[in-house]
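One structure follows; several queries about it will come next.
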Amino acid sequence: MAINPTRLRIRLPALAIFLQIAMIILFGVFIRYDENADPILSKEHNLTGERTIQNEFYFRYPSFQDVHVMIFIGFGFLMTFLKRYGFSSVGFNFMLAAFGIQWATLMQGWFEHLGPDGKIRVGVINMINADFCTASVLIAFGAVLGKTTPVQMLFMAIFQVTLFAVNEFIILHPLHCNDAGGSMTIHTFGCYFGLAVSRVLYRPGLKEGHPKNGSVYHSDLFAMIGTLYLWMYWPSFNSAISVTGADQHRAAINTYYTLAACVVVTVAMSSLLDKRGRLDMVHIQNATLAGGVAMGTAGEMMITAYGALIVGFITGIVSTLGFKYLTPFMASKLKIQDTCGIHNLHGMPGIIGGITGAITAATAPTSGTYGERLTDTFSVLTKHPERLLGGFQMSGTLVAIAMGIVGGTVVGEFCCRAPKTHPVPINECATSTESSPNTAV
Amino acid sequence: MAINPTRLRIRLPALAIFLQIAMIILFGVFIRYDENADPILSKEHNLTGERTIQNEFYFRYPSFQDVHVMIFIGFGFLMTFLKRYGFSSVGFNFMLAAFGIQWATLMQGWFEHLGPDGKIRVGVINMINADFCTASVLIAFGAVLGKTTPVQMLFMAIFQVTLFAVNEFIILHPLHCNDAGGSMTIHTFGCYFGLAVSRVLYRPGLKEGHPKNGSVYHSDLFAMIGTLYLWMYWPSFNSAISVTGADQHRAAINTYYTLAACVVVTVAMSSLLDKRGRLDMVHIQNATLAGGVAMGTAGEMMITAYGALIVGFITGIVSTLGFKYLTPFMASKLKIQDTCGIHNLHGMPGIIGGITGAITAATAPTSGTYGERLTDTFSVLTKHPERLLGGFQMSGTLVAIAMGIVGGTVVGEFCCRAPKTHPVPINECATSTESSPNTAV
Amino acid sequence: MAINPTRLRIRLPALAIFLQIAMIILFGVFIRYDENADPILSKEHNLTGERTIQNEFYFRYPSFQDVHVMIFIGFGFLMTFLKRYGFSSVGFNFMLAAFGIQWATLMQGWFEHLGPDGKIRVGVINMINADFCTASVLIAFGAVLGKTTPVQMLFMAIFQVTLFAVNEFIILHPLHCNDAGGSMTIHTFGCYFGLAVSRVLYRPGLKEGHPKNGSVYHSDLFAMIGTLYLWMYWPSFNSAISVTGADQHRAAINTYYTLAACVVVTVAMSSLLDKRGRLDMVHIQNATLAGGVAMGTAGEMMITAYGALIVGFITGIVSTLGFKYLTPFMASKLKIQDTCGIHNLHGMPGIIGGITGAITAATAPTSGTYGERLTDTFSVLTKHPERLLGGFQMSGTLVAIAMGIVGGTVVGEFCCRAPKTHPVPINECATSTESSPNTAV
C-alpha cells in the first residue's frame, strides 16, 4: 500500500491532537462572547421593560441551523453517490469540517471581528460565517475526492481556511462588495482553489474519479438526501447574514424562486441530452442546485422575482451542459480532474452569481426601488455615495478567481504532492483505510 | 415500448422549457415583493426606534422551512417504499413540485392576493401557500403513481393547481371557512382529485400498484425518513399560516398531541389486524400521520388537548382499517386503484378533520373560551356576527369533495387518458425512463 | 417461539389502547393551554399596540423542532446500525416515544407545572420537556435493545417516565440545580437506569447485543444520519429551555464549539486505537456526540469558548476509550451488557457534564463575569444568596446516578424479568415480530 498504515496511525492522530490543543490555546487568548451572549454587554430589556427579542440570536439562529444541516448532511451525503467514498472518508470529512469551523472562527475573527481589546467577540454570526468557510473547504474537496490522504487534506484545509479569510476580507472590506450568500467568497473561490489543487495532482494514469456506473440505487438515494437538504435550505443560506428585515426576507424569496426554475430547466436539459430522453441522476443531484449558488450575491438585492427565475433558467442550462461536455473536456484536455463536477455546480454558477450581482448593484442607485433604504442594502454608499457598485462587485469575482487559482496551485504544490516518491492511486487514498470489508457495497 | 423515447425526449423538454419561459413572463408582469420584503413598503423600525422583528418574516419563516422539508423530503421519500419508483420518477416529481410552486404562486395570487395595482405581492406567506398547493398535487400523484407518463403528470399538475386555487378561494372567501392546516383545501380536495383521475385510468389487467412484497428493508427505511419528517414537522404545517401568537401556538400544541395518540393507536391496530401480532410497515409509514391531517382545520381552535387526543385516537383506527379492508375493496369493486393508499391517509382523515373543525367552530361563539379574542380566530364574525360557523365549515368539506371528484374526472378524461391508442402499462410509465438498470433494487 | 404470537397480538394492543384511553381521560381532567396559547390569558399586544412577538412560543419553537428531530430521527436512526433492529422495533419504539411524550406531559406537569386550580398549563416549554423525558427513555432502551419484549418495554417506559419526573423534580427544586441540557436529569439518569435494567436481564448465554460485523454499509450510513442530526441540533437541545436572550445564545455557542473539538479528538483516538490506523464507525457514530452531553449543564454558564473546547477534548478521549476497553470489560466482568454503549455516550459524559457544571457554577458568584445578571442564570441566588452552587450541582449528579441505579434495578426485577419461566433469547425479542422476511438485510 502506498500509505504505510503505521505512518497514518501515528501521523494523523498526532497532527489532529496537536491542532486541537492549538485551538484551545488560541481560543483562550482571543475568543470572548459577543454583546448578544455576554451577560454584561447584552441589553436584555427593551424600552418598555419587557425582556426583548431584539437579540440578534433570534434573527439568525434558525437560519444558522439550516446552514449547519447543509454543511454536514447536505455536502456530506451529496458525496455518498461515490461507492468508493466509504466510512473513513465520511469520518475524515467530519473531522476536517469540525476542525474547519474552529480555525475559521479564529481566522475570520482576526481579519474582521478583532475588537479594540484584541479579542474576537463570537456569537451566532460567527458560527454562520465559520460554517460558510467550511462549505468552501468541502467544495474544494469535491475536486480532489479520492486523490489525497487524510493528512494531506488536513494541511489543505489549514491553508484554504486562511486564504478564504484573506480573500473574504479583500472582497468585503477594501472592495466593500455585497456577497451575503457567498457567490464569490464561498463558491467561486472554493471551486477554483479545488480545481487548481486537482490540476497539480493530475496523473495521466489516474482513471476518472466519478465512475459512470459507480453509483448504486441506494447510494443515489442517499445522495438525493444531500441534494434535497441543500436545495430546501438554500434560501436560509443566502439570507443568513443579510441585513435583518426586508433584505433577509428578499434573499429568501429570490432564492426560493430561482431554485424552482433551475430544477425545471435541469430536468428538461437532462432529458434532452440523453438520446433516449432519460434523466442523468448526476444532473438532478447537482445542476438543480446551481441556481442557489448564482443567487448568492444578488439575493438580498431588488433583483425582482422574475429576475430570479431568469437566473435560475440560465444557470440550469449552463450547469447541465457543463456536466455533459465541459467536465470530460477539462479532464482530457486541461488535465483537470473534477471528481464531483464542482466547476458546474459552484464555479460557473458562482461567476454567473457575481455578474448578476454586479449588474443588479450597478442599477440600484438609479432604480429608485430602494427609496431611502438604499444604504441598508449597500452600506458602502453611506461612506462613498459616488461608488460605482457594479465595477467593484465585478472586481470581487475576479479577485476570488485569482486567489483561488494561485492559492490552490501553491497549496497543491507544497502540501498535497508529497509523498512525491510514490503517488497515491485513487483506490488507496480515500478508501485505503476502510474500517470493514463491507464498505465497498 | 409504449412511450417512444424520442417522443418523450422531445415533448417533455419542449413542454418544460415552454412552461418555464411562460412563468418568467407572467412573474415579470404580476409578481412584486410584499410589504415585508420591499424596502419602500416595509416598516423596519418600531416606535422605540429599534430595528423591529415585527416583520411577518420572523413569525413564519421557521415554519415555512419545516413545511418545505415536508414537501420535498417528506412526500418525496414516503414514495420511495415502492421499488418501481426509481430515479427518473424522483427527478420528474422534483420538476413537477418545482413547477408547481411557481404556478401556484400565480394562481393563488390572482385569486387571493391581487392588489389594486393589479400586482401580486409575494412574501413568506405566499411561499408557504405555494408549498401547500404543491402538497395537494403530490397527494393526488400518490393515487396514480406509476400509471401516467411524465408529460401527462405535468398536464395534470397544471390543471390541478388551477382547480386547487379555485376550490381554496371558494372555501376561504365566499364561505369564510377556517382551514389553516388544509384538511379540506389540501388533503380532502387533493385525495378525491387523485382518486377520480385514478378511476378514469382504471384498466382491469393492471396489477395492484403497491405490490405486497414490493419493498425491501432499505426502501422501507428510506420511506420511514419521509414518514418521520412529515410526523415531526406537522405541527409547523398546521400552524404555519394561523394568526400569529396564541392561535399559532395552539395549532402546534394540538397537532403535537394528536399525532402522539395516533401513533399509539396505529401500532395497536396494526398488531391486532395481523394474525401473528406483527406490524405492517405500510400502517406505520402512513396511518401514524393521519392525525395531523385530521387536525388541519381545528388545530388553531380551542379544541383542548384531550380533544386532540380523541381525534388522533379515532383517526388512527379509521386509517388502519382503511388500509386493511377499504383499499382492496375499492380496487376490486369500485375500480379505484389507490397506489399509496391516499384515501386512508388524506381522504378519510381529511373529512374527519373537516367535521372536527365544524363541531369545534360551531361551539366556539357560545363556549366563552375565546373571550374577546373570538374574532382573532374567527375573523368572519367581525363582518357577520350571526354566522353559523359549523354549517359553513361543513359545507367547505363538501365543496372540496365535489371539486375533487368532478375536477379529477374531467382532467383525467381529457389529459391523462391520451394516448388512447395504446394504454401505458405500469412497468412502462414511471419506470420506463430509468437512468440505470440498477434502479430495480 | 418464546413469545406466543397470539399472546402478543392480544396483550400489546390491549395495553396500548388502554393506556391511550387513560391518557385521554387524564388530559381531559388536568391539561389546559398555558398563557401563551390560551386566548384569554395571552397578552397579544405590547405597550406600543403592535401585535407582539414577546410570546414565548417564538423564542422556543424553532429549538423545539430541532429537539423533536433529535428524538425521532436522531435516536431512531442511530439504532439502525443494528441489523437485527428491524421494522417492528422501529414501529414499537415509535409507539413508546409517542406514548412517552403524553405520559411525560402529565408526570412533569404534576410535579412542576400544577397551577393553583389543579390544572397543568401546557405550551411549547412542556413539549420540549416531554421530548427531553422521552430522550431519557430511548437512552435507557439503548442498553436493553433486543433483550425485551414490546410489552416489557412499554411497562419499563411507564415507570421510567415516572422516576424521571421525580428525579428531575428533586434536582431542579429542592436542590435548585441548573441543568438546562439535562446532563444529570436526562443523560446520567437515563444511562444508569438502563444499565441497571440490563444488569438484571443479564444471561450468560446471551451473545453480545452489538455484533462486531453486524452492520452493513447502508445500515451505517443510516446510522450516520442519526448521528449527524444529533450532532447538528445539539446546540438547540442544550439551549432550548435556558433563560431567553444571552443565556440561550451562550448555550448554543458553547455546545457548537465543544462538539467540534469532540469530533477532532474522537477521529484521532479512533485511528490511534486501531492497529492499522483505521476508523471504527462505532466511535464516529457515538463518541463524536459525547461533547454535547457533557455541555448539558454548563452550556448556559460563562464557561468560555475555550473551556467548551477543553470539555469536548476530554470527553472525546474518555468516550472513545470507553467503547474500546470499558464496554467489553463491563460485559464480561460486571455482567452488564450495554448494547449501544450508552455508558460511553451518556453515562460518563453525563457525569463529566455534571462535574463541569459544578465547577463552573462554583466560581460564578465570585467571577464577576455575570455582573448584575448573575441571578438571570442562577435564579436560586435571589432566594438563597449564600447558596454554595458547586456543592448542590454536584449532589444533583449523585442523585441522578442513585435514582438511576436503584430505580432501574427495581423496575428491571419487577417488570422486565417476566416471563421468568422461559427467558427470551435475543433473536426472539426485538426481532421476533418482523413484518417481512426481508428485514434481515
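We call the chains A, B and C, going by the order they appear; numbering starts again at 1 in every chain.
Just so we're on the same page, a contact is a pair of C-beta atoms (placed from the backbone, for glycine too) under 8 Å apart; a residue touches a chain by one contact, two chains touch by 3 or more.
Worth saying up front: this structure is predicted, and the values here are computed from it rather than measured.
S.K.: Have a look at where subunit B meets subunit C and say same if over half of the interface residue numbers show up on both copies, different if under half do.
M.R.: Different: fewer than half of the residue numbers at the subunit B-subunit C interface appear in both copies.
S.K.: So subunit A and subunit B are the same sequence; what rotation in degrees superposes their CA atoms, nearest 5?
M.R.: 120
S.K.: Roughly how far is subunit B from subunit C, centre to centre by C-alpha average, rounded to an integer in Å?
M.R.: The computed centroid separation for subunit B versus subunit C comes out at 33 Å.
S.K.: Residues of subunit B that contact two or more other chains, please.
M.R.: 48, 53, 58, 62, 218, 225
S.K.: If you look only at subunit B, which of its residues touch subunit A in the complex?
M.R.: These residues of subunit B touch subunit A: 5-6, 8-10, 12-13, 16-17, 19-21, 23-25, 27-28, 31-33, 36-40, 42, 44, 48, 50-53, 55, 57-58, 61-62, 65, 68-69, 72-73, 76-77, 80, 86-88, 90-92, 94-95, 97-99, 101-102, 105, 122-124, 127, 218, 222, 225, 433-436, 438-441.
S.K.: Help me check something: in the complex, which residues belonging to subunit B touch subunit C?
M.R.: 46-48, 53-54, 58-59, 62, 66, 213, 215-218, 220-221, 224-225, 228-229, 231-233, 235-236, 244-250, 252-253, 256-257, 259-265, 267-272, 274-281, 284, 288, 302, 304-306, 309-310, 313, 369-371, 373-374, 376-377
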